[in-house]
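Each of the next two complexes has subunit A plus one more chain, namely subunit B in the first and subunit C in the second.
Right after this comes the complex of A and B.
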């Protein structure tokens, strides 16, 4: 896993060979992993990679730090599940419906909330997500705090749980889930690359660096922020549907809590915000580490995993605020023509790597 | 509508609102100084409550007696947090600042769960709970003595803090740094010492709040989460960096939370959702909060 993801980092972005090798390695991964628990971690990596990538469009490119993206994820999970369990609608349609509902919701809340900046925006997203959580937690029609079970797709003849593409449910092995999750990651990443290279990407970065300057230059700030949050919400919801179908059970606690919102942002930050590869790298490093520590140490609820996780976050924030992609870029710079950079030069490169910093200082001024 | 019921709710709201205000004032003070939000604030509160709990179990001291110890301990925690973490990230991107304190919060919560288990703890027979049987009856409105004492102590602490920052030389220096750091430095004020002082005061305030809450609120490693969420709302509602704003917003949140089930028939499980909605409505009209300078 780590070798597969470490390889393209050195060679990106233009090396198609490395990309091909990575694709093959990923396609072959379910054959290599073989055990369900390891495949489960791989699927979780993909789920979080996709969620962090979706977060990145809003938080990384546009610089609007959302700590409420779990609400979009949960809305996606609930929309498809309600449609499926009440009206037998296939989760594939439910997925689209969830994306639509989440995008509409995002635009409606975006209108007012985007008037806020910095910490105010982050706290407003927390408040909104908590409202959504509270509502679902007490809404009996969608199962309240106990959540909703998705019934097994059963073989008509034997009555045993079976695979069903129509019901997006695979009870005979996790490999199909892996490939669908992989396809979702590819989809979100392709959209991110398109955004990155399109006018929209430039507008979003301009908004992040200096919103007032962008507005003065004629960028319709609110419109592009709304587009960013709608894309972010729609993909988060799509992954929510997938996650619901993967676990076949959802409740507000696991799909809508602040912890999930934070983890999504954290994956992107660890990898490197505002870069295409960052969220993918972050997920590939953080999720297996978190899952394995939980399995090895925290199984009895003694919270050692939480202690390590918290300490790790603090250390990253202090020593590597630009994420792993920042580290990679720094190493590459070090290998270049100027092996030793003066402190000011290092600061200058750090600033290029994280346009956030520039924008932040201006905000402080 | 039952008037007694409404009066009861309003009084409860004011009492808990005072505690909210005290928890929030530390946050707002720190933000006013250095534009950093302490996302571990809830865990500071949690540790203060545990400090009071262990003082009662191990040293046989009532939370009211161990209060100075709790306050001192939390002030020290604030200082250590500033020196160890915050001083390193003063010029870091906002994301790094958010997540540094967030990580600290997770760390402290994990530590508490590891050391003291996730079980609920309550302090046996606190003094405040025994005065006149723990409740007083004011014309049909029943008030818990611990809650009244908590509100009074919170008020005293709040007043002391306000007098300190508005009437003493050090307090004025603190305000000067909050107003304009570089000019204050030109006047010979060491801004780093003032930042450290901000964290010490923030820790001390949350220490008082934790000690008074411990007499009547069950203690768990996750107890800080809800209080912290409310404190962020209070701080944003009152205006980041505004001390009077924290008081007004704290009381407002307490009143809305307790009165909304009676006034508007909101189910009590939704009372926090109403508070969050109130915050959203206010910041939409005044993005800088009630008393914010922006």
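Right after this comes the complex of A and C.
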């Protein structure tokens, strides 16, 4: 912090320049991609980046691995769709309503489930998400297994499909969806950065490291986990609404299935849990790969993508537990003139003995 | 003025009585040592006081308030903080961040927390290590981090569970100095210790537990001469020799 403020103004941090270039590239992307199928993959990348980023607040910072985030996503999609198709409520409001419903749901289930530690929490989230899936699958009022169609926005005079901001629908091309998805990614990322630097972020990391030690320092562990799951659920739901408006059709299979929950977690884990850039990097790498393999393998190899996900999780946890971001850091330190990595234990002990023996004497004298 | 008052604290685990009607008090500004042989119930009593589990019966009063059964996180905000026998440094956080977690008990602002943390790092001699990850510290420094982050919560009562265990004699001397300096800041200290020679010179008063009961209480000198304590804590073989030198 102090070095940054002491630096002369003209030296703009290199990371800012990189960020600016990246922003420009992303804004120009729809102009370059042109074809709808390629733009579709780009939009999916953004959707998963945002979902993984939302997952990261709970799974990455607080270390509570959820394999049920699709339930929040689905609740968001269903809430706005029900409001729109039954009462003509704009999806923008539906988005907020979905976020609220998902956050309340998350707190209600979080209260008991957070008493479970480690793997049991993850298993419980799978079970709860499956329950939600089953309920929606059997609930006729919301379409049951056949799902719900989102009312198509048409020009009143000509009856042709049209763009409508009120209906959050763009039927003349996918580019607006791309920009909205991009805005959502930016929104969730900004929230993540704020969380990262705030008391909440510090507390969540402490909880991930050692809950009892955190309690002994005055951290109300359950309260902060509930805050984390509420934020995570709310943003997952917002993205759910967007996704419903993008597909214009939802059913439990597309919005709540287990594979979706697993993929969300996997994107974050591949990129690097607990880092701001990790989920974004993970989505940029994994989603195009997943989409392309799915297109190649077609309908015949329905479960092959799942096998690949499983294999990826095993490989990451064995060889690269810190994900791609860990890999990037390692490479950077290898290439750099002097390693800025934290010293190894031996270096630390060797260097500290001398100054520390006198350290306290100085303090007193 | 009593800061901490224990009244007939009993803790049972099924049929096992870990603490039996332990009663004592700690006055403001005191350094009190709590000693006893292995399995005497020191750490259990510590956990009962600091809110890691509720006592089976009895009451704990802190600063005039009945805090029996309060959870640890609530007690911290009341001004009572503890450290752990087996250090629990947050491994993925830097030393400064470790201490900031403690400081957040007093503030919601990250920059204020950082300021408090830096002051505590200075006080405990950890300032040069501020940016090292918790996982990469040697044991003596991990113990200092525990102290620093407990102090960062702004306690009235600091409870130390075997801070000296695992330290070299030279490190122990430093730790003793540090505890004295903490008291000089107006903080009351209750320390559970196994190492007798550490407790005796710094404690104003010593409380001895054996098999879950309080068997003696008093100034260090009286405790080392108490035959019951010698027998229970130091072993039977010390009894005759002590009596000879003491009375002869």
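Here is the rule we go by: the second predicted complex is superposed on the first by the 305 of 365 C-alpha atoms of A that agree within 3 Å, B and C clash if a C-alpha of one lies under 4 Å from a C-alpha of the other, contacts with A are read in each partner's own complex, and residues count from 1 in each chain.
Operating definition for what follows: contacts are C-beta pairs under 8 Å (C-beta built on N, C-alpha and C of every residue); 3 or more make two chains touch, one makes a residue touch a chain.
Note that this is a predicted model, so its numbers are computed, not measured.
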Partner chain(s) touched by A:116 [first = subunit B, second = subunit C, both, neither]: first
Partner chain in contact with A:197 - subunit B first, subunit C second, else both or neither: second
Touched partner set for A:217, first subunit B, second subunit C, both or neither: second
Partner chain in contact with A:134 - subunit B first, subunit C second, else both or neither: first
Subunit A residues touched - subunit C or subunit B, whichever exceeds: B
Which superposed partner A:225 touches (first subunit B, second subunit C, both, neither): neither
Which of subunit B and subunit C A:38 touches, first, second, both or neither: neither
On subunit A, positions contacted by subunit B and by subunit C: 356-357, 360, 363-364
Subunit B partner contacts - residues on subunit A that touch it in the complex: 65, 112-113, 115-120, 122-124, 126-128, 130-131, 134-135, 137-138, 258, 262, 265-266, 269, 273, 301-318, 321-322, 354, 356-357, 360-361, 363-364
Touching residues on subunit B, where the partner in the complex is subunit A: 31, 35, 37, 85, 88-89, 91-100, 102-111, 113-114, 118, 221, 225, 229, 232-233, 236, 240, 267, 269-270, 272-273, 276-277, 279-280, 283-284, 287
Footprint of subunit A on subunit C - complex, ascending: 50, 52, 71-73, 76-77, 81-84, 88-93, 97, 100-102, 104-105, 107-110, 113-114, 122-129, 131-134, 136-138, 140-141, 149-150, 153, 170, 174, 177-178, 181
Subunit C partner contacts - residues on subunit A that touch it in the complex: 1, 197-199, 202-203, 205-206, 208-210, 212-221, 342-345, 348-349, 352, 355-357, 359-360, 362-364
